[in-house]
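Here it is, the structure in full.
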Amino acid sequence: MSKQGLMSREVLLAGAIGLLLVIIASRFPAFIAPSNLVNVFNDTAPLILLAIGQMIVILTRCIDLSVAANLALTGMVVAMINVAMPGLPVPVIVVISVVLGALLGMFNGILVWKLAIPPIVVTLGTMTIFRGTIFLLSEGKWVNAHEFSDPFKAFPRTELLGLPVMSWFAIAAVLLFSLVMARTTLGRAFYAVGGNPHAATYAGIDVGKTQFWAFTISGALAGLTGYLWVARFAVAFVDLAGGFELSVVAACVIGGVAIMGGIGTVFGAMLGALFLGIISNALPVVNISPFWQLAISGGAIIIAVALNAQANREKGRIILKRAEHAT
Amino acid sequence: MLMQSDQISDDAKTERTAPVLSLNRVTKTFPGVTALSEVSLELSAGKVMALVGENGAGKSTVVKVLTGIYQPDGGQIEIDGTPTRFPTAQDAGAAGVTAIHQETVLFDELSVAENIFLGHAPRGRFGLIDTAAMVENARDILSGIGAEIDPRTKLKELGIANKHLVAIARALSIDARVVIMDEPTAALSQKEIEELYELVEELKGQGKAILFISHKFDEIFRIADDYTVFRDGALVGRGAISDVSEAELVKMMVGRDVSQIFPDRDRNVREEILVVEGYEHPTEFADISFALRRGEILGFYGLVGAGRSEFMQALFGITRPSSGELTIDGKRAVIRSPADAVAHGIVYVPEDRGTQGAITALPIFQNVTLPSLGRTSRNGFLQLAEEFKLARDFTERLDLRAASLDTDVGNLSGGNQQKVVIAKWLATQPKVIILDEPTKGIDIGSKAAVHDFMAELAAQGLAVIMVSSEIPEVLGMSDRVIVMREGRIAVELSGDDLEPETLVRHAAGI
Amino acid sequence: MTDTTRAIPDRLQSPFQRRLKSWETLLLAIAVAIFIVNSFTSPYFLNAWNLSDMTFNFTEKAMIAFAMALLIIAGEIDLSVAAIIALASTAMGAAVQVGVGTPGLVLIGLGVGLLCGAFNGVLVTRMGLPSIVVTIGTMSLFRGISYIVLGDQAYSGYPSDFAFFGQGYVFWVISFEFVLFAIIALIYFVILHKTNFGRAVYAIGNNPVGAEFSGIRVARVKFILFLLTGLMSGVAAICLTSRLASTRPSIAVGWELEIVTMVVLGGVSILGGSGSIPGVVIAAFVMGLVTFGLGLLNVPGIVMSIVIGALLIGVIALPRLWERWRG
């Protein structure tokens, strides 16, 4: 039973997603046409990228509310770079966005690590600072479609093997971070720090430094998404992706990430993001007003967290012989 | 100090090889407490050193200093005679010092193999963790200590004894020169303990230096070569185990003859106040029935994990029994929460003072009045003068030492914190007071004060339940003793049956 | 038990001495400094009507902030407060359409607030779910319901006497909202600092287990705090709806973070256990003064958010940096 218990979070969610697709398909078969599913996945790619970073941060018992602001700031900076230097190759832009995002994440991380300021306070503060900075940089103006260079706009939409580059980034991130989480010392340290910080210290792991790296990763992914988002929609402005940080946290919670830390997988975060993505794409198809989306995702968060709590509830100490036959 | 430590080490050096790891006059202080005062300790290759001392003697602090968790405030750590420092746990590990801790400090969500190799996993291509090799190595180490555990299972799937074996395997996975075992047998069955002894012998044979911390004298005399005794954070004696008797060790630990510690009691047991019938819990305890009288001290003895605290917490309303009845003062009572228990006159002084007993970030007077606010306030509004008065009454009766009643409890020593917790409950004018390991981790002086006070409470007609794992305390204080084993009452003893051997026999089920 | 009465003094420092070194004093100094700077930089600042207008910047948020302060001190948080405003406002707007009068509207506003608070409270205290996730969920749910009801429409047509709550003046420049703010501040001051209930809040925030073990009914206290926070959100919804005279589902969006910022700026530890109502009152004024002062200088609101974000991090970081620097 316990073995199943371990798998159940992801399996249950994958099952729920499958059921959702079946229900939608029963009335609107076009929704599960491969080309539409590709669209849905591509629309969800930014949420997947950010959810992976957020998952890692939450694993270490922190939270990063600044991801959407980071995304918008990085997006604005690369947009302005593109306007100023249209000839700059796209790969350089991608590198800049990742580095800038990582630096912004490091700023969060250093405050959490070196000054031990609660993460929610730090990222609440940097969230408003980042947004304000966008305004200072752009003077409140939008960067519009016609101002971008064509390669800048085209890159995320370029198709490789039938999938846009944007989707490939999400897939690559899922694979890369699955590997990082399972097969690197840092990846295991994320779980150790969140699962039992006290014991992590005993095992020679620096809790604060591990949290710092979590914020750095979250920032780097937010920065990357910043470029992809701005390029795909060919627009950059102060309120870009406003409130998106909550969808990201929601994706994690739905994906089985425990807010108390130590529990969560990259795969789960991706499924959580896909669940939200499918709902938002399906509503117009099934003729429900898109205004239902917010309430549905709110309900999903509450149900998910209740289910998570049920699964993770600590059992009492087993003392009686009849309750556990000791080895 | 009983002996001069210089003198001791001179004697020791003549017959011993140079130590692998030594502590030289190490001091460690915390606000309000000196945990270690110029203690020295020497560990040699192929030898087992037993570190003995009462709770609060400084044993755990030494472990933390040796493993880089704490930094000493004075004195030196030496490896092969060279002074060194362990700024982090990583550094201690790199120097070959590894510890198996008292509470298993492991990670539920990681696999057994990952728990064993966290921080030093074998690497394969691209510097990635070589999972296959890690699982294989873990399997080897585990089978080496006779543990039949699949390294790929998640730790949370294991029982407590197997978790402990994983902790031991972790310590062995580091190529250690020094292995520290902090109460390694506390959670193990007799068969597992035997296997552990074999393991210790094997480690000795490999030339590792072993620090063995234990309360149990039979173990110490069975496997240790040398002993070091701490009392109240100071070194009070050391030498070869063959040169010392159990009685001498006890005397060094306690600092006086055991029989003198406890107050003479005016044994005046009165009418029944509390009757417990058939208390059961699905996993923690079963079939608990007994009666308690006013003026009586009822001891609960048992091994760690026998279910005593769990039962007491059910009595206090923290957990709910699945069945059972409780009568207090002749009236049936249903207790669903601590608030209910307090309302019925049952109070509980928990073992875990820091999280359950006191609210350390609040001042003394607020801690004392917390459950009594209904009496000190008027219509729900605080009356500070009344609060100070109540707090003063009870803390002075307990001879509390503090700068002011406005001092945060966290700044007090363990003994004084315990006095605050007891004062808090006495202020509610309870009928039954449950004390769970009341003197664990507090200094000798406070210990005596707590014992005297318990005797006085009983004399005044309060019914006292005392959970204790210290045999001298149980025997010295109790009128009757209930011994628990595996969640059930093993035996109830009184009068001439109250003998150390009898208690131990029933507790262990021999 | 001994006759040697070694008198332990009640206190070493008088409460006054303690207060002098406190956070509140520092914050008050900052508030006064901003006030002075503002009065020099703008000729329009020292004008009774302008100052009166300024108070509208914070009165509604502060009403919620007081209840939120208690909740945060007790170790919980409610991020759904702004969404409760939206839902309560929507309910009032819907009631107007069927001809409910002002007294009915007030009851509806308060009732919806209480219900929402009770919903949060049940999820957190009965089901044992982490409040940060629950209220991220209910935040989407409550506002989502507003969107379902209203979509991109708005309710208006509130009765004329309903305008008093957000637009009325009690005496000269003293607005009804300001008076209400002052009364609520006083009530929360008494609750937190002068009653058994307030003492229990501190005890729970410092050590919930210890509080439970001391016979405090922790779950009940927390439930009441969620109720109070919901109720205050209802009160704020009445004032805000009355002031704007219309309801859109996006009403008060993002307020939850501003309110948390106000509470933390006021010296309430986000980790629970400490904080005071006077601190929150001063923080409310500081935020109002900053917003208003910069507004007079024609600095846009988004830039003020940088200042607020920097204040939030700075006020926590600076003392820690100072301690570090001193050794």
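Structure notes:
When the chains are written out, they are named A, B and C in that same order, and each has its own residue count from 1.
Here is the rule we use: a residue touches a chain if its C-beta (ideal position, glycine included) is under 8 Å from a C-beta of that chain, and two chains touch if they have at least 3 such contacts.
Because the structure is a prediction, the values reported are computed rather than measured.
For the pairs A-B and A-C, the larger set of C-beta contacts lies at A-C. Greatest centre-to-centre distance from chain A is found for B, with centres as Cα means. Inter-chain centre distance (chain A to chain B, centres taken as mean C-alpha positions): 43 Å. Averaging C-alpha coordinates per chain places the centre of chain A 30 Å away from that of chain C.
Annotation for chain A: no residues touch 2 or more other chains.
The residues of chain C lying in touch with chain A in their complex are 123, 127-130, 132-134, 136-145, 147-148, 150-152, 249, 253-254, 257, 260-261, 264, 270-271, 300, 302-310, 312-313, 316-317, 320-321, 324.
Chain A makes touch with chain C in their complex at residues 63, 65, 111, 115-118, 120-122, 124-129, 131-133, 135-136, 140, 238, 243, 246, 249-250, 253, 259-260, 289, 291-302, 305-306, 309. Interface residues of chain C facing chain B in the complex, by the touch rule stated above, are 1-2, 5-6, 8-13, 194-200, 202-203, 206-207, 209-217, 273-274. Those residues of chain B that touch chain C in the shared complex are 316, 318, 337-339, 341-343, 348, 350, 355-362, 365-367, 370-371, 373-374, 377, 380-382, 388, 392, 395-400, 402-407, 424, 428, 452-453, 456. Contacts from chain A toward chain B in the complex involve residues 2-3, 6, 179, 182-185, 188-189, 191-192, 195-196, 198-206, 262-263, 315-324, 326-327.
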